[in-house]
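You will see subunit A twice below: alongside subunit B first, and alongside subunit C after that.
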Partner chain A sequence: MPAIEVRGVSKRFRSRGPLFRRRKEGPRETVALDRVDLEIGTGEFVGLLGQNGAGKSTLIRVMTGLMVPDAGEVRVLGLDPNRDQVRNARNIGVTFGQRTQLWWDLRARDSFEILRDMYGLPAATYTRRMRELDDFLGLSAFWDTQARHLSLGQRVRCDLAAAVLHRPVLLFLDEPTIGLDILVKDQVRAMLADLAGTGDHAIVLTTHDVADVEALCPRIVLIDRGRTLFDGTLADLTGIGGGRRTVVVELAGGRAAPEVRMPGVRLLELDGARATYALEPGVSQARFAARVLAADEVRAIDFEGVRLEDVLRSIYAGDHSALNAQRPAASPAASPAARPSAPTPP
Partner chain B sequence: MKETAARLRRAARIARVTGRAGLRERLANKGDFVLAIVNGVTYQITVLLFATVVFTRFPPLAGWTVAQVLLVSSVRLLAHSVFVLGFTNVREIPYLIRQGRFDSFLVRPAPVFLQVCTSRFPLNAVGDLTVAATSLGVCLSMLRLDWTLARIGSLVLAVAGGAALELALALCVAGLVLRRAGTEALFSWLDTVIGAFGNYPLNVFPAVLRAAFTFGLPVAFVAFYPVAAVLGKAASVPYGPALTLAAPLVATVWLALGGWAWRTGLRTYTRRGW
Partner chain C sequence: MTARAYRLARIAPLAERMRGARMATTGFVVATQVLLYSQLWRALYAHTATVAGLDVRQAVTYSTLATLATTARAMRGATGESVKTRILDGSIAYWFLRPVSARRYRAWYGVGEALYSSAWVFGGLALGLGLGLVQPPASVAVAAVSAVSFTLGLVVLYYLTVLIDVIAFWTVSTDGVTRFYEFVQALLSGALVPLWFLPGWLAGLTTRLPFAAGVSTPISLYAGRIPLADAVSALAWQAGWCAVLAVVAAVGWRRAGRRLVVLGG
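Now for the complex of A and B:
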């Protein structure tokens, strides 16, 4: 059973508009989600990406039970996350970006202890987990500070610790590294990678920080105007695993690079001994390399996938060609065996 | 049965944990703590002073003596204090949503209602309760009633029913607030209406208000009708003496309505517009 099943989920927001209108216009309707299908298995680390207003937050709210869809069905470990709110809450951990879940006027440690009691964690388990979290996030330096006096970086780390304290099977992270400095980002990523490395959790990350996604998320789900535009591996999206790539070949001795005649291979640029080729999806890197190596003495061959940031930029700008020949959108998730594995701790 | 008992035990444990946290938060700032209590006391004393001045200048009110009217006010105040002590945070939902705390409640393993009610200890209830109990004691000493078991029961039921009705009405508004931002002003409106009209015998109001507070918004059942039963004045109430015993039933119906509004509000809550 997948950890999360989203089937045909739609959500629309209606606004009646101003009382007095200059022109006759009906109520406005915004489609936040439009027949979205998604399956996420335990052990997956999924980056949920999209522009502002694409529907990511709505999808997260539907999956966490904070919002009921107009149509479709959501199951989280077999439960309806809204109707079974209390039972569902035991299975999930959530961070809400800039909004804290800590008790504002109490010390951060008090909030952890309240959550310990709320989730019924045994004292020994709580102590062990706090020690583990402290190792990753350096919490003990500030956990005796009132939540209202914590810096953003300290608060985000405390919120993250609060979300994972009860070791939820599912973790929903909304912009967990927003506004953090490089060192704190590294701490947060290391902790998340460690959590993902256990294979016991399904983690959904929404972020605009491409570095977070590249460091942590083997699987990407791209949402645009409420629909799933892409659901596949990071490698597929950036072209590393069979997608579009460029190859730079440099010949020894300053000889001019050869023109390689292979289906799906196109010479992009010739600059003396350096030639840049475009490899269409499906072209074997090994066959291309063999052909070049057989033809001449080669100093260097450098295969480059497309950077995720560039792909996202072109998709957000309306150019969906980067998605051609990739995994079809809104397809059921890969079988557990075929799913991309979770990242290893950096 | 076993499952229900386990669920209740779990809810009690969580109420203890979150309630204690809510109290500790209030105690974190000494200034706020003292001000909250002083605020509760001064507000209720002002209400009582106003009522006393009115009654001593214009006695009696529609056949009700000063002490009898004070009993209506005192029961209303006491019921309100009980409501404030247990459930006043329902009226804080708009703030909890804006702070993002309400969303946290939805992803924690405890009933949302319980978390809302225990999110902040209502310190002003201490002041409210003190003033209400004092006022009740004073007017009961003025009335010199024979305290039979039935009369004591009626008084307890009157206070409980009044608190339940306030809770039910607050839940109805909370359901609307969860559904649509901008309806939160209804909380203040409700407070004003019950505070302004609930302290006096229904007989003093015009027919339209008498009907509205009996068959519409149940303000008259918060204190007036049950107190009429306590005082043995059932024959003098509008629309028949049976209504003096109807408060528990009315409270139950309104609680059911409030519960439905709350559940519907939670299911339609989207956080848009906040």
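Now for the complex of A and C:
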């Protein structure tokens, strides 16, 4: 049984505008999700990507049971997350970026103790987990501080600890590293990678931080205007696994770079001794390099997969050719056997 | 009380303890109000022994207890955990993502708030008795009936607060409703002016409303305004309001879970 099953889920929002203009303007309707299908298995680490307003957060809310879809069905470990909210809560952990679940007037430690009793954790288990979380996130330096006095980085680390304290099978992370400095981001990523490495959890990460995705998410689900645009591996999306690449060739002695005539190879830019080529999927890097090396004295050959950031930028700008080159749009979820494995701790 | 219930009921008092300055302010405001109102009542009774069947000691007793019952609660409510504040900061989502339902969480939190405000009432009552501001109950029976009525009053006040709060699931902001409720509550609960000073038709109506059941009824029983012989009827009205408000609140919570708005992306 998959950890999460989303079948044909749609959600629309209706706003009615100010009271005295309603009749004149009428209700406005926004499609947040449009027949979304998604299946996530235990042990998967999925990056849920999309522009602002694409429907990512709505999908997270539907999967966590906070919202009821207008159509379609959601099952989380076999439960309806909205109707079985209390039982479902034991299986999931959630963080929402800038929103804290800590009690503002209390010390962070008090919040952890409240959650311990809410989830009914035995004292020994709680102590052991807090020690583990402290090792990763360095919580003990500030867990006796009132939540309102914590810095953003401290608060986010506490919120992450609060979300995983009961070791949920499913973890939903909505912008967990937003506004954090590099070191805190590293701490958060290390903890998530360790959690994913156990294979006991399914983790859904929503973020605009491409580095988070590249470091953690073997599988990417791309949402655009409420629809699934792409569902596959990070390698498929970026072209690293046989997709499009670019290669920069620089000749020694400042001589003008040659034009390489090979099927699937296209000259993108010629700048004196430097030439940039695009290699279509299927073109052998070795054959390309051999051809160039045979023709001239080469100073450097630099192969690059397409960067995720560039792919996302072009897709967000409306260019879906990158997707078409990799996989059909809205492809069905990968089979469990074909799913990429969780990342290893850095 | 289970460990979970104890932990949730402890949140409000613990939060207050962490904010010593606010507790000191509450103490100052309560003490000032009690002293000013007692002076006001003494001035009103300067040329008469009884007004509306009450002597000056009964009137001051009523005023002191009403101030204790309402002010500490109002001071706490300014920053307490509420649906409205949690909807506005977006963290209301967490109320629906824990293995304790939002309704039960709010109820145990409310128990803590009630215990906290009761500590002010009983502490102030002991101090008032010591200073001679408050008269002791006329009998053990009056004390017992007043205690039961006070407890029912806390339940009524809790449900009234929750009902106003739950409206935020539909309206997001409840500022207007809250202001209206506070005005009606202050006027019709007998917290500022004892209800028997209102016009006859209004006084008769207000004694049957839940606002009076929260404040005026228990204090009137204690001060002797409601005789012991009428206590059963008064308690029955309070219990009735508890039941009605509990049903309405339960319906509100059930519907709220499907109307949840989490502001922001």
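Heads up, the rule we're going with is that the second predicted complex is superposed on the first by the 282 of 346 C-alpha atoms of A that agree within 3 Å, B and C clash if a C-alpha of one lies under 4 Å from a C-alpha of the other, contacts with A are read in each partner's own complex, and residues count from 1 in each chain.
Just so it is clear, a residue touches a chain if its C-beta (ideal position, glycine included) is under 8 Å from a C-beta of that chain, and two chains touch if they have at least 3 such contacts.
Treat the numbers as computed from the prediction; the structure is a model and nothing was measured.
**Student:** What does the overlay on subunit A give for subunit B and subunit C, a clash or a fit?
**Tutor:** Partners clash after overlay.
**Student:** Could you tell me if A:G53 is touching subunit B, subunit C, both of them or neither one (first, second, both, neither)?
**Tutor:** So A:G53 only meets subunit C here.
**Student:** Please indicate which partner A:Y119 is in contact with in the superposed arrangement: first for subunit B, second for subunit C, both, or neither.
**Tutor:** Touch partners of A:Y119: subunit B and subunit C.
**Student:** Look at A:F303 in the shared chain and tell me whether it touches subunit B only, subunit C only, both, or neither; answer first, second, both or neither.
**Tutor:** neither
**Student:** Hey, which part of subunit C ends up inside subunit B in the overlay, 6-14, 42-50 or 132-140?
**Tutor:** With the two structures superposed, the offending stretch of subunit C is 6-14.
**Student:** Can you pull the subunit A residues that subunit B and subunit C both touch?
**Tutor:** 61, 64-68, 82, 85-87, 89-90, 92, 94, 96, 99-101, 103, 105-106, 110, 114, 117-120, 146
**Student:** Would you pull the subunit A residues touching subunit C in the complex into a rising list?
**Tutor:** By the definition above, subunit A touches subunit C via 52-53, 57, 61, 64-68, 82, 85-87, 89-90, 92, 94, 96, 98-101, 103, 105-107, 110, 113-115, 117-120, 146.
**Student:** Can you list the subunit C residues touching subunit A in their complex?
**Tutor:** Those in contact with subunit A are residues 3-4, 6-8, 11, 14-16, 18-19, 79, 81, 89-91, 93-94, 96-101, 257-258, 260, 262, 264-265.
**Student:** Can you name the residues of subunit B that touch subunit A in the complex?
**Tutor:** Touching subunit A from subunit B are residues 13-14, 17-18, 21, 24-26, 28-29, 99-101, 103-104, 106-112, 267-272.
**Student:** Would you mind writing out the residues of subunit A in touch with subunit B in their complex?
**Tutor:** Touching subunit B from subunit A are residues 13, 61, 64-68, 82, 85-87, 89-90, 92, 94, 96, 99-101, 103-106, 110, 114, 117-120, 146.
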